[in-house]
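In the two complexes below, chain A is the common chain; its partner is chain B in one and chain C in the other.
Now for the complex of A and B:
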């Protein structure tokens, strides 16, 4: 019953948000088809006399000439059937094809950096608040907070300049060495990892303090708790108290934060992916917004909404396992 | 009586605060035989909890144990290494916490919080033996075996306090310090918990120190009462001596401040406030509030001395003939 209620609510959230993202790009007076055709004619130098006719033909083809309400109804219908429509800018590719092409890169970079940052940040935060930590660990808080203030794309620029351009230690951008074929050989995977290192570093460095600060705050509160004190009275070793009594309790609110962070991360990834020329969802979304590609914008936003809501639901289901005080009522 | 199981000698604890040094424990000495129950009373800030923490070696910076001995069963805890002290906690000297409501880890089962304590002291014990010992411990505090598998939030306040006692007696300590174990409970539960503590004490034959404000509770179940004032013990006597004829003026004032059946409604407080530990009055720390204070009390610091009837008192009134200067 609880689950049914949750899922119904979730569907409602998805419907409302997808309605919003359906209408927002269409409010703008720009016409993506005319812009695309104009761009094509500029680059080829060929200006067809009957441009307007072509625009209208495409409008009709994509159903953009119909009243907005009808467009909405028809498009939502096709979304329900799992069809996100074609890309206006990269026709005849469909939105699904574009998303699926970009997704592995995004999962590889954004999901893994978020997880690394979560684990690292929470460890550091817990250690900086732990009174028995060595002094240098506590000193890490100041540089982390400084990094937190720098946006990831700026950090990325600095890394590109110093590590890739000056020191030539790592490639400056791209997903893999130009000219290599996408394959599953060790050499290719190593090459990809080399390219992911700098953008990954930029993302981790700029987000690690977020987790560390949250964990530190929780950690300081938990230390004052009677049960940590009593654990010491029981004669438990520092390691056991740290793990079972301190981190275990301080971590609870951070887990909720993690689900939210996954939604945020694609947004912060947009600029970093663009900066490093990575073919991920962020880059795709950036391009789609510039070209006002209705269907791709909707497709990606819709995809993010679904992932975040599903992750939230997962956290809700998993949370009682972490905190026994929260139990789903079986009524 | 047999040799004392607990000897505290000249125990000194100082807190180094920004406002100066606060002497929270000033040369505290007393002894306790096994099987004896001593109540420790005093106003807030008089050093009762500090004494408990010092005996557990749990004084945290900016506080420090400056000197003295805490000898439990022949071992001086103050000189133990940190590792040895971890082992001594719970096996030689156990602490039952004040706020039992929050003293259990909310995300761990009661059983896990008992077994980790045993495991920390004995890494070779088998799991089944460990479980059995926990079950016995729970039963001895009148809890059901099922509690082993429960979480703290599924228990009532009184049950949580019992769990804390069950944890305290897991390793059959020689000395149990209970820091206001009943302060958060209603009177009925208080009585039950006190009965449990009394029975446990009889079964184990250990010594118990009960810290608290509740003089009634002390009178009912303790053998001795020690009165603390400004970081010092001012009187240690049997419950009967204390309640019928206290010697120290502070002890007298405490007893007179209790309501009794003859003069209903008229309560006598003790004038003034407990002194700040940063500015302890010269001479006898109690002299500014004492009705019997003389000139000498402002200059000469009294020492805790045994009186002819066996009790210990720290007051110039009772050492008149011995003091010269």
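Now for the complex of A and C:
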């Protein structure tokens, strides 16, 4: 019952958001077709005389000449059938094609960095709150507090400056060396990984502190609990207490955070991709916004909303499995 | 002996307010550090406004383009920074980066404060009405907040900023775009706080003694909410600067203005690292790291005041 309500609620959220992201670009005074044609005629030096006719023809082709309400109904219908429409700016390509091209890059970067920082951050957080850990571990807390607030974009800029520009250890940007062919050879994969290192590091550095601080807060409250004291008096080894009594209990709320964090990470990942010039969703969204490409903007935003809500739902389902105290039915 | 002891206890027991504040800041280190960093940035910006003609030098073609920084020449013969001597260097467009930083810090603060104060006000107002009056109003406000919360707000802000005509974007419209979708956090926090406070004894006593709703809100509940309001405000300022930075980096800021985020955007746009103009993106990104770091520290510090239970373990 609770799950059904939850699914309905999330569907409602998706509908509200898609309505917002449908209308905002369309009530804008900017016209993507006009802008694209103007750009083309600038770059080719050829200005067609009957520009108005071309604009009209395209408007008709994409259905943009109909009243907004009708456009909305028709487009939502096609979205329900899984068709996100064509790209206005890179026309013969559809939105799905563009997203699918960009997606592997984004997913690879975001999932790996989120998982790395989740594990690393929780370990660090647990250690800083653990009374028996050495002093220097606790000293890590202060720099972490500051790091927590810094957007990965800025960390990325500093990393580019120190690691790529000054020390020349890693490339400054791009997804792979210019001129190499995309292939599945070991050399190419190594090259891609080398290019992903700095953006990944920027994302990990900025989110590791978030997990560490959350874990530390949980850890401190758990230390006073009776069952931890009891375990100590029973004479269990420090390692066992740390692992089974302390980390395991403190970890629970962190898992809920994971889904929300993905929503956050997608947004900051978009900016980091823009910074490093990676061919992921971020670059695509940036381009679509500069061109006011309705369908692509909608497609990406829709995709992000769907993934965030699906993750939230997943957490709702997984959480009771992790924490037997919570039962879905009892609510 | 006795006379001394009789005369001075007040003076001994009650040091001056300012010393008390300083003493507290020494105990609450993160709050102290955060405030110190903000103070430093403010002083930097004010000094910049005083010694350099920021309204001219921070805009394109004011000075010789692409000069590397020269920290040794603090003042030149005219006793003005940025006439022929560029402490932080100049950028591709011929702007003196010292003036850009001074002016940009001011504008960033303006966005942060404007959006922060507005967002907190709206949030507090909604949270208050929702919790204090309950009923249908509560259902509506809470419903809207709950639907909006899971949406990645930044995405929508990017869309709004992208939809606006480039020429009409100013520092203030940026603040408004940011605040439009940023009041849900404070609404939720204030609502839950007021809900728990409404049930406390002192509010009941006030009600029984015949205080009016408004009196109870302002005299009984508001003072107890202050730490939460303060922390919500800092959170809002942080969020506003964060969002405006994100928008600026997408090239959606008020492009003519030397806003710090814009400076980063232009440095990236002109591939400054590839061209070797390392100083151009470096100053604004360091300033932003300081701002975000300081605001985070202040939030942690205020949290310590608001929930004494989260006191640091030693």
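By our rule, the second predicted complex is superposed on the first by the 322 of 331 C-alpha atoms of A that agree within 3 Å, B and C clash if a C-alpha of one lies under 4 Å from a C-alpha of the other, contacts with A are read in each partner's own complex, and residues count from 1 in each chain.
Here is the rule we use: a residue touches a chain if its C-beta (ideal position, glycine included) is under 8 Å from a C-beta of that chain, and two chains touch if they have at least 3 such contacts.
Nothing here was measured: the structure is a model prediction, and the numbers come from that model.
Chemist: Report clash or fit for the pair chain B and chain C bound to chain A in the combined superposed model.
Modeler: Once chain A is superposed (C-alpha atoms), there is room for both chain B and chain C without a clash.
Chemist: In the superposed arrangement, which partner chain does A:245 touch: chain B (first), chain C (second), both, or neither?
Modeler: Only chain B is touched by A:245; chain C is not.
Chemist: State whether A:77 touches chain B only (first), chain C only (second), both chains, or neither.
Modeler: Neither: A:77 stays clear of chain B and chain C.
Chemist: For A:225 in the superposed arrangement: first (chain B), second (chain C), both or neither?
Modeler: After superposition on chain A, A:225 lies in contact with chain B alone.
Chemist: Identify the partner contact of A:139: answer first if only chain B is touched, second if only chain C is, both if each is, neither if none is.
Modeler: neither
Chemist: Per the overlay, which chain contacts more chain A residues, chain B or chain C?
Modeler: Residues of chain A touched, chain B against chain C: more for C.
Chemist: On the A-aligned overlay, A:253 touches which partner chain: chain B = first, chain C = second, or both, or neither?
Modeler: After superposing on A, A:253 lies clear of both chain B and chain C.
Chemist: Figure out whether A:320 sits in contact with chain B (first) or chain C (second), or with both, or with neither.
Modeler: neither
Chemist: Tell me the contact category for A:161 with respect to chain B and chain C: first, second, both or neither.
Modeler: second
Chemist: With the two complexes superposed on chain A, say which partner A:233 touches: chain B (first), chain C (second), both, or neither.
Modeler: Only chain B is touched by A:233; chain C is not.
Chemist: Between chain B and chain C, once the two complexes are placed on the common chain, what is the minimum CA to CA distance in Å?
Modeler: Minimum over all C-alpha pairs of chain B and chain C: 11 Å.
Chemist: Please output the residues of chain C touching chain A within their complex, sorted ascending.
Modeler: Touching chain A: residues 30, 146-148, 150-152, 154-156, 158-160, 162-165, 238, 242, 245-246, 249-252, 264, 268, 273-274, 278, 281-282, 285-286, 288-289, 292-293, 295-297, 299-300, 310, 313 of chain C.
Chemist: Which chain B residues qualify as touching chain A in the complex?
Modeler: Spelled out, the residues of chain B in touch with chain A are 56, 58, 85-91, 94-95, 97-99, 101-108, 112, 116-117, 120-121, 151, 153, 164, 167.
Chemist: If we count contacts the way the header does, which residues on chain A are in touch with chain C in the complex?
Modeler: On the chain A side, the touching residues are 9-10, 12-13, 16-17, 20-21, 24-25, 27-30, 129, 145-151, 153-155, 157-158, 160-161, 164-165, 172, 217, 220, 263-264, 266-267, 271, 274-275, 285-286, 289-290, 292, 297, 301, 304-305, 308-309, 312.
Chemist: Spell out the part of chain A that touches chain B in their complex, as residue ranges.
Modeler: It comes out as residues 225-227, 229-237, 240, 244-245, 248-249, 252, 322-325.
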